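Next up: some structures, all given as structure tokens.
Next come two complexes, and both contain chain A; in the first it sits with chain B, in the second with chain C.
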Partner chain A sequence: MKRLKLPQWLVLLMPAIIILSAVVLIPLLLSLYSSFTSYRLTRPDSLFNWVGLFNYEKAVTDVKFWAAFGRTVLLLAVALNLEMLFGLGLALMISKVTRGQRALRTMMMFPMMFSPILVGFQFKFIFNDNVGLVNNALQSLGITDTAIPWLVDGNLAMFSIIFAEVWTSTSVFGILILAGLYAIPRDPLEAAKVDGCTPFQSFRFVTLPFLMPFIYIAMAIRSLDVARAYDIVQIMTNGGPARRTELLWTLIGRTGYVDARMGYANAMGYVSIFLAIFFTIYFFKKLTAARKELGMGV
Partner chain B sequence: MKTLLSGASCAVLVAALASTAVLASPDAAQAGEFDGVTIEAKLIGGQQYEALYARIPEWEEATGASVEVISKKNHFELDKEFKSDIAAGTTDWCVGSNHSSFASQYPTLYTDLTGLIGQDVVDEFVQANIKAATFDGRLVMLPRAQFDVSALYYQKDLYDDPEKAKAFEAEYGYALAVPETWEQVKDQSVFFADPPNFYGTQYAGKDEAIVGRFYEMVVAEGGDLFNDDFSPAFNSDAGKRALQWFVDLYQADAVPAGTTNYLWDDLGNGFASGTIALNLDWPGWAGFFNDPSSSKVAGNVGVAPAPKGSAGVRTGWSGFHGFSVTEDCEHKEAAASLVDFLTNEDSQKLESSAGPLPSRTAVWDHVSEQAKGDAYRSEVLAAFKETAATAFAVPPTPYWIEATNLIYPELQAAILGDKTVDEALSDASEAVDDLMQEEGVY
Partner chain C sequence: MAQVHLRDVVKKYGVLEVVHSINLDIADGEFVVLVGPSGCGKSTTLRMIAGLEAISGGDVRIGDTVVNDLPPRERNISMVFQNYALYPHMSVRENLGFSLKISKRPQEEIDKAVDEAAEILSLTPLLDRKPGALSGGQRQRVAMGRAIVRHPEVFLFDEPLSNLDAKLRTQMRVEIKKLHQKLKSTIVYVTHDQVEAMTLADRIVIMRDGHIEQVGTPLDVFENPVNTFVGTFIGSPPMNLLDGTVKNGNIQFADGSTITAPPGYDLSDGQAVTFGVRADNIMPVGHALPRGEHIAEVELEVNLTEPLGTETLLFATLAGAEVQAKMLNPRPVQAGERLTFQVMLDRCHLFDAETGVALKV
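So, the complex of A and B:
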């Protein structure tokens, strides 16, 4: 009997294929399948109750789902841009420091070291209307004599969440942009100086184009992070009140694990993944364009 | 020294109770009955629940079995874990903490205790609790001494000030006294409020908590949350009056601006901070509120039965903790014996000595007797006993939690002014109706 002999490349790849299938591919296929069923966690037999596109139809015709989708895009757009601006500012300042730069770099990364759950609790307390630090400070300084409902008012609640997100993740941009600053060759900057460029012109036309690939990499990483924002929001507002801060993953998390409607939650999840895919493709296209402009190839 | 003494006396009391439990309990398992059996348990965690778990070694010694606690979390986290267990088919652990508000969601998880626990034992519990622990004729849990219903805590000195009394009477046309109706609570809350330093009252503002509060208010107003077929019934005049009460207080700044984000801990700590006049809350807080080390209102706390709505009915949304045995447990008799032990008379005496309310008739009498001579404890017990007499559990539908997730954002929308009361109740009712129809309830 002839033994089946697999090609050597396949044998070598087999451990990776098996592991990836077990932890990524099979769960993905199972969740995709379950999104076409009425699967409820509390009724395992419902996993075989095929409902076709019902869950997808329900998700795409649900105003609450699209409102959460819109809010997630808003959070993404605002938080990412603010983090980029602050991160750029921080990196530029740190790059100019001649003494204690290492200590500053380490300090800049402190917020990243906290678990998002702890950051959520920290800002929930800071923005509490009754005993929170912000209101107490404002009242003690005589700036206001009312209890500002930071986590209740529609705009202020989103502001508070964006504040927490920006606080915790600006350093991602800071570190990557700082790496970009270190990588910039000195010649173009010196040439610009010789040609009589102002510092702003040097920054705008020499430094920034060199930094753009780093900025787009940071944007791509953070867009995936923010698009699946859950922990900080869950702790601070749980998507409320009155759905004012409901994001995709607080809605999906509640539907899947509290309401136990995993089939419907998975359908919403798959629709939401398009958001992540869109931003990833967008930022990678931008990254490629920025690299081309610098003559770095594709 | 005083703390040490009271700690020591507690220890003696616990030891005494424990020894009587083993020696005197008629339900005590026979020695060595379950030799070598290991019971895996998933229990609710938290300081207030630990004293009971300290008794488990006594049961282990008496029966020869051993207990392995494989999970200890709050009920919301346990709920998620149970649902994941059901989905994954990993339900062969044996004993789980359960709660009357969650129990109906797990129709396949827990076994019927009827054949495992003697009828004489079941008869010793408060029968309203047994009824609320029975779904489709199956007794799915035995209640522990953690019966919850809310009574009205208030700051006593607010009613001792003649100037306040005079001003109140001039404004509202009746004498200032501890409120007996929710309308009076509203008047007094608006009267006492002095934001941002002092508020008339507060309420749980999100999740199941606000729906529970709304539910009891609808009942007190003469309505109901669901019809008999579980179609929504709260979009009614009673429902509108109930929701209007929450809206009016919020819009009058009589409650903290963040109340729609508050849950039980925020409320308890808020009242203890001395910034809230009237607070509908659970019995477990009674000791905390009157303890000078944890509360600024200690010594100034009064407790009254829950006020009545316009239908003359008291609010009385109640729930209780219990223990259940899983259907897939290999040693159901041993597990049932453990559940029996954890809810027996001595266990309930131990738990209720720290404040929580019992669910056994005899232990209610015992606790009342013990409280004699302690004016505050007697007042607490009298108020909760009165409220418990007309208390009611959550509607027995497996879709209770899911329905609350549809209702609470609409209640919040009305409270915050995003929707009118009519719009909010209409939207909530439509969403719950869709859910029930989708699930084939009717």
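So, the complex of A and C:
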């Protein structure tokens, strides 16, 4: 019997191919395939029930889906911008500190060290309308005598989630912008002083352009993070009240695992991926442009 | 246009004092070069004039104003930095016009000033490029252009040529000098390169360890150094220094050899002195340009030669120490050859052996 003789390069690549297929390729293809079926976790045989583009049609015509999509974009826009501003402020202040800067830098990173689930629980407590910290403080200070329903009112719930999100992740911007501040050459800043810039003008015309690449890197990283936001929301409001804080992945998670409609969830997942891809491409384009602006090469 | 006055100016970093109470008056339109080895406080002094370093003591006046507490933007100065300090994200045009834009001048005025500066420095074809796309010399010219568009009262240059290669440096030196002749503005220029100092300055200020050692015209500090430090720092090659004692109107060196003492000094027997002679004033017979009436002859063995074309530097041993001599209209000299040298005594210097201070003629 003649033994099958594979070419050497293929043999050498085999381990990588096998591992990649097992952990990435096959699950990916399977999920893509299942998005064209009426696959339900509770009825395994439905995996072979081909429904064509039905799930996709359903997703793109579903108001709930687009509402969650819009809410995710809103969260992205608001949270990222706030985090950027706070992070910038934080970094600028820390960069001016002359003593204990290392300690401050470490402390700034603390919020990132907690699991988002725990952060979710913590803020669920803080914003609780009966025993929560915020309401207790407001009532004790006499600012209000009624309990504000932070997590029950639709708008306030979204605010609370953004608050928690910003609290956890501002330091990502802070630390990256701080790195940017350290990397700024001193000479152009001095030249700006001599050229007549006020401190604000120096910041606006010299410091900020130098920081832009760092800001866009942070934006790119964080946009991927926020686009898949799930844990904090799941814990704090579970998408409620009445789906007012439903984001893409809480919706998809619920559809797939609670309603067991995995085929449909996968279809929504594939549509949502475009959001993440879009933001990534957008911020990397900006990053490249900002680097080019500084003559840093592409 | 304005004068600059430094009165007892001190710079301290904590307890460490790096500039010790210096006084300096710079006239309107004067080109003054601060020169000295690294760490002598020359850049710090310049940065205090610019307002980039706080003044720890004394006064800095520009024109009639004490500027100690004014920020740089209110001092009406402009500065050219060693590393050019261009704004990398702005084109050459924007770099040049930035200071005028900040002070909210009308666009036509900015354009006119920028075009004028670009014309003076032949930057016109480069106006739309970013600094990243320029060579070192071009960047340096942009940095200078940025300084001149504002027509400041005082120009400050902080080692502007030290990042350029030797050839470009010579070229830019000429351009800076031409620029000064054209603009006739006050310039304070910092360098560690004594050739730059000599060629550019109306007056040289030689600094060491936070003190001003000597102030004078280039020829003055070259010909009449106040101490051994200035003697060796100014002039290339550095002045040869030999320790000896006075004996019967001669200087006797450590190895017992003697040379006639330079004329015009009031010396007493047994006095310890340092004898200083520049390479230009110790030359082999037949290849020399005798200057002055008092000439001594010594025979020395040549250890090494450095041919420079129009002249050759000879390294020889005199009284146990290595001295550098010059040979005009050079002929090939072998190491080990013994030649008779003429020492132009009128141009030699005597310093106090202990303090290094020049013994006045």
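The rule is simple: the second predicted complex is superposed on the first by the 280 of 298 C-alpha atoms of A that agree within 3 Å, B and C clash if a C-alpha of one lies under 4 Å from a C-alpha of the other, contacts with A are read in each partner's own complex, and residues count from 1 in each chain.
Here, a contact is a pair of C-beta atoms (placed from the backbone, for glycine too) under 8 Å apart; a residue touches a chain by one contact, two chains touch by 3 or more.
The model shown is predicted, which means the values in this text are computed figures rather than measured ones.
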Chain B and chain C placed together on chain A: clash or fit? fit
So, does A:Q201 touch the first partner chain B, the second partner chain C, both, or neither? second
- Touching A:D62, do we find chain B (first), chain C (second), both, or neither? neither
Touch test for A:P241: chain B only (first), chain C only (second), both, or neither? first
Expressed to the nearest 10°, the angle that the Cα centres of chain B and chain C make at the Cα centre of chain A is 150
Ask   = Of the partners chain B and chain C, which touch A:K193 in the superposed model: first, second, both, neither?
value = second
Have a look at where A:P149 lands relative to chain B and chain C in the superposition and call it first, second, both or neither. first
Q. Which holds for A:N128: it touches chain B only (first), chain C only (second), both, or neither?
A. first
Ask   = In the superposed arrangement, does A:A260 touch chain B (first), chain C (second), both or neither?
value = first
Between chain B and chain C, more residues of chain A are touched by B
For chain B against chain C after superposition, the smallest C-alpha distance in Å amounts to 52
Dual-contact residues of chain A, meaning touching chain B and chain C, are none
So, in the complex, the side of chain C touching chain A is made of residues 50-52, 71-73, 77-79, 81-89, 98-99, 102-103, 130-133, 146, 150
Per the touch rule above, chain B residues touching chain A in the complex are 79-80, 83-84, 86-87, 89, 105-109, 195-196, 205-207, 256-258, 260-261, 270, 273, 275, 398, 401-402, 405, 408-410, 412-413, 415-416, 418
In the complex, the residues of chain A that touch chain C are 185, 187-188, 190-198, 201, 205-206, 209-210, 293-296
Within the complex, chain B is touched by chain A residues 41-44, 128-131, 135, 139, 145-152, 237-238, 240-244, 246, 254, 257-262
